[in-house]
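Accompanying notes for the structure given below.
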Amino acid sequence: MKLPTARLLIWCPDSKGIIAAVSGFLADCDANILEADQHSDPDDGAFCMRVEFETQGMSVARAAFVDAWRPVAERYRMDWRLAYATDRKRMAVMVSKQDHCLHDLMLRQRCGEIEVDIPFVVSNHEDLRGVVTGYGINFFHLPIAPETKGDQEGKLLKLLAEDRVDFVVLARYMQILTQQVVERYPARIINIHHSFLPAFAGARPYHQAYQRGVKVVGATAHYVTDDLDAGPIIAQNTAAINHRDSVSDLIRKGRDLERTVLSAAVRLHVEDKVLVHHNKTIVFD
Amino acid sequence: MKLPTARLLIWCPDSKGIIAAVSGFLADCDANILEADQHSDPDDGAFCMRVEFETQGMSVARAAFVDAWRPVAERYRMDWRLAYATDRKRMAVMVSKQDHCLHDLMLRQRCGEIEVDIPFVVSNHEDLRGVVTGYGINFFHLPIAPETKGDQEGKLLKLLAEDRVDFVVLARYMQILTQQVVERYPARIINIHHSFLPAFAGARPYHQAYQRGVKVVGATAHYVTDDLDAGPIIAQNTAAINHRDSVSDLIRKGRDLERTVLSAAVRLHVEDKVLVHHNKTIVFD
Amino acid sequence: MKLPTARLLIWCPDSKGIIAAVSGFLADCDANILEADQHSDPDDGAFCMRVEFETQGMSVARAAFVDAWRPVAERYRMDWRLAYATDRKRMAVMVSKQDHCLHDLMLRQRCGEIEVDIPFVVSNHEDLRGVVTGYGINFFHLPIAPETKGDQEGKLLKLLAEDRVDFVVLARYMQILTQQVVERYPARIINIHHSFLPAFAGARPYHQAYQRGVKVVGATAHYVTDDLDAGPIIAQNTAAINHRDSVSDLIRKGRDLERTVLSAAVRLHVEDKVLVHHNKTIVFD
Amino acid sequence: MKLPTARLLIWCPDSKGIIAAVSGFLADCDANILEADQHSDPDDGAFCMRVEFETQGMSVARAAFVDAWRPVAERYRMDWRLAYATDRKRMAVMVSKQDHCLHDLMLRQRCGEIEVDIPFVVSNHEDLRGVVTGYGINFFHLPIAPETKGDQEGKLLKLLAEDRVDFVVLARYMQILTQQVVERYPARIINIHHSFLPAFAGARPYHQAYQRGVKVVGATAHYVTDDLDAGPIIAQNTAAINHRDSVSDLIRKGRDLERTVLSAAVRLHVEDKVLVHHNKTIVFD
């Protein structure tokens, strides 16, 4: 049986003694460290760390923990964030007409592989309403036309706020979110792009791949930023193809990649294993 | 024990009965077909075929075979080429300072994995002379400066012609060949590029990959055309990396990819398994 | 748009001229060959071939085709089978309590990746009734106890016969079928075993793998024979693991392998791409 | 430029505060931690840790370090070992007639990928003397017959001792070492077996794999113990094969696996990244 845990993520200028300070502090709190991982960026000397520790049996109560911790963080000029595994994150999903990534996320959530609550799914089409409600999840239809996009994104932001959504997954959502949404959820919107970025960014990547005659196709899960398909990459994978594969074969083979790459990225995000630094990710896996 | 074989490669407008015509012709010659593979391009209706057959026990002598075959080819307006496995191809290798692909090709040739003769290796540097001559292969030093490039390529073409070289392998050769060389050896110069093209074309792809923060690196073997890194792709492969990998780690992991991808492409070329069609390859593997 | 096709599978003693005879016959029928693939077993000289051809525009009607074909088959002492892609195969699925392979098969069938009809699902437990009927598929509960096994298998055989089932997929069905079922469906019952066979045959392979400390886990789809986990292997794949992975991590990582390996095997079977020869498969892919 | 480092490996009963104690001690020594990784065995509560730290700028000299460290180790009842990256390990290689793993290790050592000294290579055949001496390495021929095995292993042990060899790599050495050698170098003899163990242990694994009709082949690097092919696995990898692959194709494809798996394992061992616990490895990678 797994005991409840908390995860502390830290980034600060590198210096000697940080690990000792963090692990010493947790030892003083009688916290049992389960995993500790760190990384120093050789380019700019930044230090990042993730510690996961059991909260049961600690001598410091949850309410008092942050106050106790703050002096350590200040001594080393740390940015940090703390997450309790028992505080289940709230994930909204956005889709268009394709359902393979949606099914995959729903089934993994149901069997406990991805430990999140899913308050609702949003789509710019009606097609997947039945699939979504079949899983017992709310479905909102927010159709997008050029002239309504601003309003509809306003409604989306309202839904996300009202339901206290922590992060958003674009599970083959075929619209581009504007700055007003993206900036509200930095490193908290995950997109699946159906190519190994930076190759074949933009529209119809499988058609582009077919045209170029590549021998591998790929999929990329990344955080959404204002630059299309240029945000920090969380996970990528590729599969071999050959000259016999038509565009529809690439689409079929790609679906398996999209599913596994997106769910891997979501799982990493949910378990607080991803830090963004200089438009790249540090994945503590 | 393997018996001697010949390989017939065909491309022509698709129509019913081509396979019957080719296999019927070979049956009439008492040739035993070992492998037959074909492909129809759905975009333009082109038909391609590769047949490998044993030459022993045929009722038509090698000298008479082409005359017997020609009417079949003409009936279907075929382009075709015929290669005997016993006519070992002659491969020249070009390198600069890095030796990992060079060693790999030499060792595979020595143990019989790649059945070619290697009359010589050319380099724009002296560094690898000892390595090359250690394998008992001739080494030519053709240093390149902007003002001497034309002359040196002239010398290269002379060497290639004199030694009846069939195809050239750029095993991490860091110079760009000009049109005068490329056009003389269409689909007969194989380059290894150290990224999964079309991502990170051009210089220093591992540095580009590190900057972008990708989670896979790759290598691509392709035929050289006048468009830099845009020729038909023969083979590609990728490997997983993570945020801990420095540029030098990418270079190290990439070396293993480059070796295996380049040697796979060379092996396919040597065994007459690659056809180029519309800047893409059909690999009969 | 794909035109309707038929697939002819052949196995016979190897001799010169078989490809010519088959393709010549099809040319005489005005059939357009889409794919032709063959293999000669070097151990016993058996020849196998698969030809897929368009049925539209043929000069011989479906009803007359077999009579026209039989003399060719007899001349070369062929075993053969003919399948029309438009005659959708009927697949029964058997499960126990785990649902991941079941969902995967259902979703791939619904989106057209696996072109079969699914008359019913059988389980030795009630747990998945809701899942199955949610897909609009009939569900039969056949609980198994040592003393009832014979009777229950009798009921199973009756169901399979009444619904004209072509083949059975054991999608994590945790009971062993006895000879009376296995012999009725030779090379027509596909099982997914959650290890890379022959390693870790039998019960609890992930526990076995954890104990041994392997660095890869695997999954194997194979035809069921009377020898447990020893039937002809259709598809296999592996994934990397490390010392951090608990048994439950292996189970989780294994689920993705099981899904993709099983569905790949089912797809190959449905498209008549698998021949069994000497307890091994020839997969014309 | 990389600064000199030391690596501390620890295993002890798990308890709270160990990471704090170790990192606190290193902070007191003014040592900069580059990497720290740990693992708790859920089965028996053992704790393992690997810390790599820069030795430059430490306030405790190398000569005094162990004395300063010992009280910490004793407090937690640690087993531990300390290795300085600048103390290059001494690796002996044993081969028979096949040279692909030998070339691979030699070339990786020469280009700095594997940082070891290689005092000599031993073989039970003369065949590879030229290859070995061509790399400037001593070659010893110790032919083995049943009646001479004891004596020859005695000579081997003498060579290993005289040249202060730290560990031995069996790079396709086709003899079984007896207990007298194995026990002298526990977790210090690395073998490459040409299958994914535990499948196809023993002789001629590619022939076994061909017979069974598997769709993947593999290679396994493991520490040698008294149980044949049953020692702790360090690294494994697999590659896809199909029915067309003859035994000699499996051997060829396997060579690439053997090379990369063996060199990966050697590299991990050289960098003190492998701990053995209960016949399994913990690989801090």
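Letters A, B, C and D mark the chains as written, and numbering starts fresh at 1 in each.
What we mean here is this: a residue touches a chain if its C-beta (ideal position, glycine included) is under 8 Å from a C-beta of that chain, and two chains touch if they have at least 3 such contacts.
Since the model is a prediction, treat every value here as computed from it, not as a measurement.
Peer 1: Among all other chains, pick the one whose mean CA position is farthest from the mean CA position of subunit A.
Peer 2: Computed centres place B farthest from subunit A.
Peer 1: Please tell me whether the contact surfaces of subunit C and subunit D are same or different in residue numbering, using the over-half criterion.
Peer 2: same
Peer 1: Fitting on CA atoms only, what is the rotation between the copies subunit A and subunit D? Please report it in degrees, nearest 5.
Peer 2: That pair's rotation angle lands at 180 degrees.
Peer 1: Which chain pair is joined by more contacting C-beta pairs, A-C or B-C?
Peer 2: It is B-C, judged by the count of C-beta pairs in contact.
Peer 1: Distance-wise, how many Å sit between the C-alpha centres of subunit A and subunit C, to the nearest whole number?
Peer 2: That pair's centroid distance is 37 Å.
Peer 1: Could you grab the centroid distance between subunit C and subunit D? Build each centroid from C-alpha atoms only and quote it in angstrom.
Peer 2: Chain centres of subunit C and subunit D, defined by C-alpha means, are spaced 42 Å apart.
Peer 1: Building nodes from the protein chains and edges from chain pairs that touch, which of line, ring, star, complete or other describes the result?
Peer 2: Basically all the chains touch each other, so complete.
Peer 1: In the complex formed with subunit B, which residues of subunit A make contact?
Peer 2: Where subunit A meets subunit B, its residues are 39, 42, 196-200, 212-216, 218, 232-238, 242-244, 246, 279-283, 285.
Peer 1: For the complex, which residues does subunit D have touching subunit A?
Peer 2: Spelled out, the residues of subunit D in touch with subunit A are 16-17, 19-21, 23-24, 26-27, 30-38, 40.
Peer 1: Can you check the complex and tell me which residues of subunit C touch subunit A?
Peer 2: These residues of subunit C touch subunit A: 99-100, 103, 107, 111, 113, 134, 252, 256, 260.
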